[in-house]
Amino acid sequence: MEILQWNKILIPYEQAVEELKVKFKAIRNELRATNEYSPIEFVTGRVKKVSSILEKAKKYGVSTEEIEEKIEDIAGIRIMCQFIDDIYKVRELIRQRDGKDLRIVYEKDYIQNKKESGYQSYHIIIRYPIQTAFGEKEILAEIQIRTLAMNFWATIEHSLNYKYKENIPEKIRERLKKSAEAAQRLDMEMWEIRDEIINAQKLFEAKSNT
Amino acid sequence: MEILQWNKILIPYEQAVEELKVKFKAIRNELRATNEYSPIEFVTGRVKKVSSILEKAKKYGVSTEEIEEKIEDIAGIRIMCQFIDDIYKVRELIRQRDGKDLRIVYEKDYIQNKKESGYQSYHIIIRYPIQTAFGEKEILAEIQIRTLAMNFWATIEHSLNYKYKENIPEKIRERLKKSAEAAQRLDMEMWEIRDEIINAQKLFEAKSNT
Amino acid sequence: MEILQWNKILIPYEQAVEELKVKFKAIRNELRATNEYSPIEFVTGRVKKVSSILEKAKKYGVSTEEIEEKIEDIAGIRIMCQFIDDIYKVRELIRQRDGKDLRIVYEKDYIQNKKESGYQSYHIIIRYPIQTAFGEKEILAEIQIRTLAMNFWATIEHSLNYKYKENIPEKIRERLKKSAEAAQRLDMEMWEIRDEIINAQKLFEAKSNT
Amino acid sequence: MEILQWNKILIPYEQAVEELKVKFKAIRNELRATNEYSPIEFVTGRVKKVSSILEKAKKYGVSTEEIEEKIEDIAGIRIMCQFIDDIYKVRELIRQRDGKDLRIVYEKDYIQNKKESGYQSYHIIIRYPIQTAFGEKEILAEIQIRTLAMNFWATIEHSLNYKYKENIPEKIRERLKKSAEAAQRLDMEMWEIRDEIINAQKLFEAKSNT
């Protein structure tokens, strides 16, 4: 397929990514504007590059015609959270929209079920309808929800996979696993502080009500 | 009502304006990416300031409870076009979405029916559903569609109205009308060039098909 | 020259355009934040596309090595004003910076000396120093200052020139000139209103001082 | 001092933050566009809120007249890095500009000299000249350079300090220190992987040169 045709195919995905970024950022702004805690720290999004789409299609034996139906992360949204439990709060916010402005296809919990490599993240695959200049269309999109530490680790693993073409040497893979553990420990420490704070607050509120 | 409460009321309008700006800009980008002419030149949006909302409510005898139902331009989108006929193409694009991601309430054609002051613009009042951090909500929004010349004139009239508190002196009002005519003449001249071009192209295509 | 090399050449121009946009927008924001009138209505900027640079180089017989020194509008900034006299106020603002964060090379006044085609605009060619990841560099940039009406006309002339490859048919060229006159009349009408307002204000102030 | 006066004082700081953000983001873009590694991962910036400026002035006994000369972080830029050694590369990039578009006042290395609380970051205080609508001005700005893990920890410490008004309870302070250690361990693990990669690459290059 030619570049121009690819551009035309990818345009609705660009639009979907822009819309979804605005929507998830709005949730954060809304909560902060009303002095409530936002489980969303920041949001990024991207459309997969043509070369990466073709590579993935080749790897999984997906024909050109099937690409839009089989490759689920052409449109990708990433939501970063401060604490592990925020991830599940964001999941709830998305589930509440199911059947409204989006439809959940399935979910993958790589936090309860950490990948062999050390990768942690919560994925939700959705169908998202958009109105384009050429009519209505429904596309697939992948939402990844993670803590900042998980994201930091995943970014580095991603560049190593890119560098080593998915064949990271054993020695470095070991180190990566160790650093995944360090990232996880950081998340656990943070989570425990958070717990402490909530307990301290409850104690304080209980006192002021007597 | 207090500032904080106003903030909470206006948040969904902010979100709607952001979403609608993304959506109309997407139409322009989609058409240009496929080498097609875009009737949309650029898009702006704003949420009305609290002070302006209260002023308008007072002027039209709208009670605080009725504000969200009676004041239709709290969320405002402005779409600028190069040529007069583009305005009606944009209107068609919006009408095609009616019942999909928005609902048209009514339309006002201040181009066929120019205001006494010289004001020209096409207004579409819509209902627009959004998913907020606190659940679903449907808000009213006003979409204004105009040429660049109409917009230029309207901007200046607006600042004069602001300066003179809606009591523009007769002499200046006369001048404003004259400049509205100059703006209109510019639009007509441009529209005629456009017509010429389209005719020239048709001639050319007709030739190359024989 | 290859694409990658071109990218490297154009990067400092991208940076210059970003910096200059921020700087001229800041002037507008500063004046408005202090309730003063801003002669700058809005600011856009762009880096010339490689294909357009090569075309221009060919047209004027500029060799690849001379491009950066001979083609003055690789980095382009456009400043739009509401009124004709604002253009000269913006020129003063730029002249005051001469020898500070930029150096003026020369100026072209296509307002006093309208082009045959009807084109009107004020051009200032500057040298602008930037700090890049690879060290210091000084680039050429062109600043175009115009009213909204001049800009509207120029945009349309530009697309016609593009369409007809600089050979706009006589009949359309005539129409274009007529519309340039309509644009100019609009600017004159607006300028006269502005004069009226200033007079009205002086009258008012004179009154309130007695 | 009144709000309006404060606005006027803070405007040049807003401009400086915008310019510096554009400049440091440009470095990242320039390196990435030429396939080189960027020590800058992302850049944020903010102008201190009036209430925070007044609080800090009160705390350190700074009079209103001295504020601009004594409070060094009214304009704040934060540069995030992937690896610890990137911090020192960014420092070099800034030192190379000393005397060009900025002047370094002094530096504070809270990485070699970690704060008692666990806080880690590299601070550079600069003087930065800007051209405003009202003439030239030189302001003070603080640049903070940190890894993503350091930034994550600092964000949480900051919100706890805010919540407890600088009096974080002993028990939570202990937990915070522990999590600072976890963050540091993550940075060390990452830094070691990075080292491994560089070694692996050297080995590879050495091989391909024989």
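Here the chain labels run A, B, C and D in written order, and each chain numbers its own residues starting at 1.
Just so we're on the same page, contacts are C-beta pairs under 8 Å (C-beta built on N, C-alpha and C of every residue); 3 or more make two chains touch, one makes a residue touch a chain.
Model, not experiment: these values are computed from the prediction.
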Residue-number overlap at the chain B/chain C interface, same or different (half cut): same
Separation of mean Cα positions, chain C and chain B [Å, integer]: 27
Cα-centroid distance, chain B relative to chain D, in whole angstrom: 42
Chain C and chain D: spacing of chain centres that average the CA atoms, whole Å: 36
Where chain B touches two or more other chains, by residue: none
Chains grouped in pairs wherever the two touch, ordered by label: A-B, A-D, B-C, C-D
Chain A-touching residues of chain B, taken from the complex the two chains share: 4, 7-8, 11-12, 14-15, 18-19, 22-23, 26-27, 29-31, 33-34, 36, 38, 93, 96-97, 100-101, 131-136
Complex contact set, residues of chain C against chain B: 82, 148-149, 152, 155-156, 160, 163, 169, 171-172, 175-176, 178-179, 182-183, 185-186, 188-190, 192-193, 196-197, 200
